[in-house]
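Below are structures written as structure tokens.
One chain, chain A, appears in both complexes that follow, with chain B as partner in the first and chain C in the second.
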Partner chain A sequence: MPKWVLGSPLILFAAIFVAYPVYQGIQTGFYGLSLQNPETLFTGLDNFGTVLTDPGFLAAAKFTVLFAVAVTVVETVLGFGLALLVNRDFPGKKVFFTMLLVPIMVAPALLGVMFRLLLNGDIGLVPAVLRTVGLDVSLFAPNTVVQLLVLLDILQWTPFAFLIMYAGLQSFPTDVLEAAQVDGAGRLRILRSIIAPIMKPIIFAALFLRLIDALRTFDVIYVLTAGGPGTKTTTMSIYIYKTAFESGQFGLAAAASTIVMLVLLPFVPLFVRRIANPDGKAR
Partner chain B sequence: MNSRKRRLWGTTVAVGLIAIVVNVPWFNALFVSFKSDGDISRGATVVGTPTTSHYANALGAAGYDFPRFFLNSALIALGAVALVLLIAIPSTYSAIRLGFGGRFIMNASSGLRLLPAIFFAVPYFLLMSNLGLLDTVPGLILANTFLNLPLAIILLSAGFRDVPVEVEEAAKVDGASTYRILGSVLMPILAPSLVAVAVLVFIFSWNDYLFALVLSSSNATPITLGAANFVTSTGIRWGDISATAVLSTLPPVLFAIFAQRYLVSGLSAGAVKG
Partner chain C sequence: MSVKAARLVVALAAGLALVSCAPSTGSKTTGAGGDQGSGSGTVKMVLWPGPEGEAMGKVVEAYNAGQGAKDKIKVEMTLLSRQDTFSKEATLMAAKSSQQDIYFVASYNVGQYANSLDPLTSVDASNYFPVAVNGLKYQDKQYALPLDVSNHFLLYRKDLLDALLAAKSQWPAYAAVASKAIGEKRDPKPAAEWDWNDYIAMAAWFSKSANPSSPTQYGTILQAKNLLYNTMIWDDVLWGQGGSWTTPEGKANLDSPAAVKAVGVYSTIYKNGWTSKDSSQAEFPETQAALKAGKTAFALQWSAGFAELNDKTKSPLVAGKIAIAPVPGQKTHVHALAVALNKYSENKGAATKFLDYLATPDAMTAYAKAGGIPAMPDVLKANMSINPAFGQISESIDKYGYSVPVFPNTFQAYSKIAESLSGAWVGQQDAATALKTANASLQKLLG
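Moving on, here comes the complex of A and B:
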């Protein structure tokens, strides 16, 4: 039957490279597996208890959520404003639109490298400019590093939030707008009473997509601070990575991953309905 | 100049400023990459005689491994594009038109989009070491195929749905088999979707860092990991690292310019991965 012949590559791939890793990821959490000790010793729920009482895990969870919520809100608001701004024919639109896409395309890890160059205390442009206005601050110091990372994430991802909502504005029924203008509605009123309600599902999609991506932030922060100073900027992804590949505690890392997955699981149906449903308004 | 025109130019200035600000890291790297080492150490605002020596170094003159890293990135990205298309095209068609897997395939694809990649770091490390594929290009091709398959299935399913059923029915009446319909009738119609998937999978595989960090140590290292390791280990060869960063962002940036249509449609389908 063609149905199964055509589907067989996916079945084969999904069995080995999706289902088995999911199984092994959960199973490893129940074993005392580590780089140093390849013997698989069943330890039951020990790893889960260790992780849940580890101050490092809780600190990483707290930092990740606060960071993700902060950047998501700011990026969605700025992105929406930018989408409204770009949504008209102005000179140079093509060039600037393309430039706005670039941060989405550049590898986050390479952006991290470029941030290091930009912010380097000796040769970086930003510290040099700050010094000329009399500010001699150490950007990566404990009291400024979090604000710095939030700011960098906003620079990196506002364009993506913008793109989602700008694409939404493109499918906007312009006749509604014209009718409102004819009726003499002011710009603020049009924004509040017409654009905002119609755009609600698209704004929601942008918020949601930014939030789930911000919750898994790894590349830029790992390249810039590796989670430091201390563990101040350790996101959940960095915590799990370090637990597995620096401390070699595979069992603990797998348990932490499983806990994160259990927390996210209730959101899956919501996401599936909003994004995957072909009839959903969010597309 | 009337007030409407002036307002449009005001928009140009505002959007232009934002477009420049978000790209400051890239412009700065471009600027530094043409400065001599002496000028770099004399300060960020020093403008000296431009030099291309850093680009020569990045491309092999200084004996770095960067040429190999670039080659690895290209092989991984192209391999992932090929494997993703090979798996996604027939199975998505089967799911959309022949009832294979029903809604489960679509739901699982969007669900996987939600799970953080880090969850798969440990199992993929164990799996690849069992398969003897640690630190190999095929290992990273498989990992990136896994990362991008959900996106490809979501985008292609939208493409298949947009093709009127009548097209296939007409071909069937003419006696074409299912395979022939997919290969000779639907593929040409779906070309734009296929290009969009190929471009996005290429960029995301080229940009991957986490799985490269977990699965490669030296032989299969792609440029993202190579560049990041370089800056953390030596830290002072800023000119060379800038040239490398600029070169390795070129493929995605060129796509942003020349394949923009596909990118915008693909990304705004709400299925981008981070």
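Moving on, here comes the complex of A and C:
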């Protein structure tokens, strides 16, 4: 039986549910399709030009990149630290492990609603507890809302980075560690010279997956701030959503999506190469 | 890869390309615009959940069991999520889908959706509030049938305001707080007589930061989140100050002195701490929470919020203490939630029969009894025993109701105004600059 026969269901699935919608999305970007004008009118690169010169899109792109880089770095570092911590036996490990994973089991939009209630200055548990220790803070105030969103993303997604790196540590060759200990290497030295280099592909995988996901952030921020005040917390996904469903400008929204995809696409092989070949040498 | 595999890939790619050469809309298009159908059979309708969806559910049940059975029509209603109903409908409309026969629309988006709807020709406008019917007209055609009306009120703590009005010994202190807040000494007034300066002065008086003996932490709560529905509330302030979105000639008019004053009402209250700093992300639920928790003395709120605040089980702290007054400045935004005929429906005859039924006072009485707020003044007046607020809603819409002109980009304009001004509302941006941006966006959308 030819090799491709076994893979054909997946190829067909990808063609129908990935390639075709992506193709349609890109194609829509070349048309002036909107609710106000449902007739398809070819507009060439006009939509792309409009999006690229829209200060709203550029501001959203800047915020998204800064937000994504900040949360990805912190989540990967914390995830690695937690993985090292949990990769040993201690009382209550199973409970701790389960608790760590709870945030990634909850739907992001639902988590947004939960945060909205928990952090509400009038009825929320968190501000009430903070007030009992003399801290009267308004978590949604304009000068703290970005930090709050970063913190919430870290709370939600650090467990994901942790899970990937914990799985990596579980398959770590223990004989190497034992040899280093016998040779008198300290914990920091073992971490720097043995664990970190061997874990590099896993760390890159976690960084890559989190970065891609963070660049698409939508749910929690949309539920909590809808991109405001003003456009202060508008991500590219929120910009695209509002362009399509509030403005009814499907052509513009598709062009914006295509631009985002084209900007991100070149990074994929770079990351994949680093994951597959952590030393960066050509194979 | 074998030759066969290569052929398969090429065939697949060619197929995709051919399919994609078709217009990018049209999951199941019906050419120039749908079909009358047989005049019977199943009618599919979309609504959103909540009081309107629940009330309509009862009306549909009654119709299917009575008139619908006679007409051999069965109505099937789908409730989408409250957040995303319009997004999902927009997708269906963009695809020129015939999946639904009747769409759920509102005054603020009927202009945007008009291209996907059929005008209604048999609506008897005399049964409805004129502001509700006119808000659903686009280019002089009636595109939707009013179902439910929404407007705003000043919801306030009657116990606290009555205590202040009765205690004349406190009036000099109130006048001193008012002097600092608005630059002039004023005596407290009943809520129905407030102007926007009274609103600011009262917000200061009932805030601990300006009046340490205030019974509430904050005077008010502003709905200042970057949300198109919050533009509707701010519009009350704009209109109450004598402003409007457009000049009589139809040009954008958001950089007027009245608009600067209207932004100033919000930013003065926010910057002075007479509302919670969290107001920057507040909307309907946060306002309800602040009033329920007894943290706030008054707020502008949607009419739908009143019943819950006076329900002893849902609001034990404040039930019976909250009263309704007209919005200061005596202008309130009004919009109608409505139902409209899908241009691409394949059963327009039957759908139109059901819409005709919904336009009867009997159907709207059933709707009111099931918890809705129908847009028919006579039905509201006749059913005040069901909801005591019906009388005030009817009077407020009649006397103070205002709706923005319907144009294709109304929905987008609400959103752009919120985006441009929400920073200025909470003092993050200069009012004049923000209004200039909002005005430019509005002018562009007006075309």
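Please note the rule applied: the second predicted complex is superposed on the first by the 249 of 283 C-alpha atoms of A that agree within 3 Å, B and C clash if a C-alpha of one lies under 4 Å from a C-alpha of the other, contacts with A are read in each partner's own complex, and residues count from 1 in each chain.
FYI, a contact is a pair of C-beta atoms (placed from the backbone, for glycine too) under 8 Å apart; a residue touches a chain by one contact, two chains touch by 3 or more.
This is a predicted model, so every value here is computed, not measured.
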{"item": "Touched partner set for A:Ala141, first chain B, second chain C, both or neither", "value": "second"}
{"item": "Partner chain in contact with A:Met236 - chain B first, chain C second, else both or neither", "value": "first"}
{"item": "Which superposed partner A:Tyr31 touches (first chain B, second chain C, both, neither)", "value": "second"}
{"item": "Touching partner for A:Tyr20 - first (chain B), second (chain C), both, neither", "value": "both"}
{"item": "First (chain B), second (chain C), both or neither touched by A:Gly228", "value": "second"}
{"item": "First, second, both or neither for A:Asp175, with chain B first and chain C second", "value": "neither"}
{"item": "Chain B versus chain C as contact partner of A:Ala107, first or second or both or neither", "value": "first"}
{"item": "Which superposed partner A:Gly121 touches (first chain B, second chain C, both, neither)", "value": "second"}
{"item": "First, second, both or neither for A:Phe250, with chain B first and chain C second", "value": "both"}
{"item": "More chain A residues in contact [chain B versus chain C]", "value": "B"}
{"item": "Intersection of chain A interface sets (partners chain B, chain C)", "value": "2, 4, 11, 20, 24, 28, 116, 120, 122-123, 241, 244-245, 250"}
{"item": "Touch list for chain B against partner chain A, complex", "value": "8-9, 11-12, 14-16, 18-26, 28-29, 32, 40-41, 43-45, 86-88, 90-91, 93-95, 98-101, 105-107, 109-127, 142, 145-146, 149, 154, 157-158, 161, 177-179, 182, 203, 206-210, 213-214, 223-225, 227-228, 231-232, 238, 241-242, 245, 248-249, 252-253, 255-257, 260, 263-264, 267-274"}
{"item": "Residue numbers on chain C that touch chain A, as the complex places them", "value": "1-2, 4-5, 8-9, 12, 16, 19-20, 23-25, 86-87, 90-91, 93-94, 96, 112-113, 115-116, 224-228, 276-278, 280-281, 285-286, 289-290, 292-293, 295-296, 408-409, 411-412, 415, 418-420, 422-426, 428-429, 434"}
{"item": "Sites on chain A touched by chain C in the complex", "value": "2, 4, 8, 11-12, 15, 19-20, 23-24, 27-28, 31, 33, 35-38, 40, 56, 116, 120-123, 138-142, 145, 224-232, 241-242, 244-248, 250"}
{"item": "Residue ranges of chain A touching chain B (in the complex, touch as defined)", "value": "2-7, 9-11, 13, 16-18, 20-22, 24-25, 28, 82, 85-86, 88-93, 95-96, 98-118, 120, 122-125, 127-129, 155-156, 158-160, 163-164, 166-168, 205, 209, 212-213, 215-219, 223, 236-237, 240-241, 244-245, 250, 253-254, 257-258, 260-261, 264, 267-268, 271-272, 275-276, 278, 282-283"}
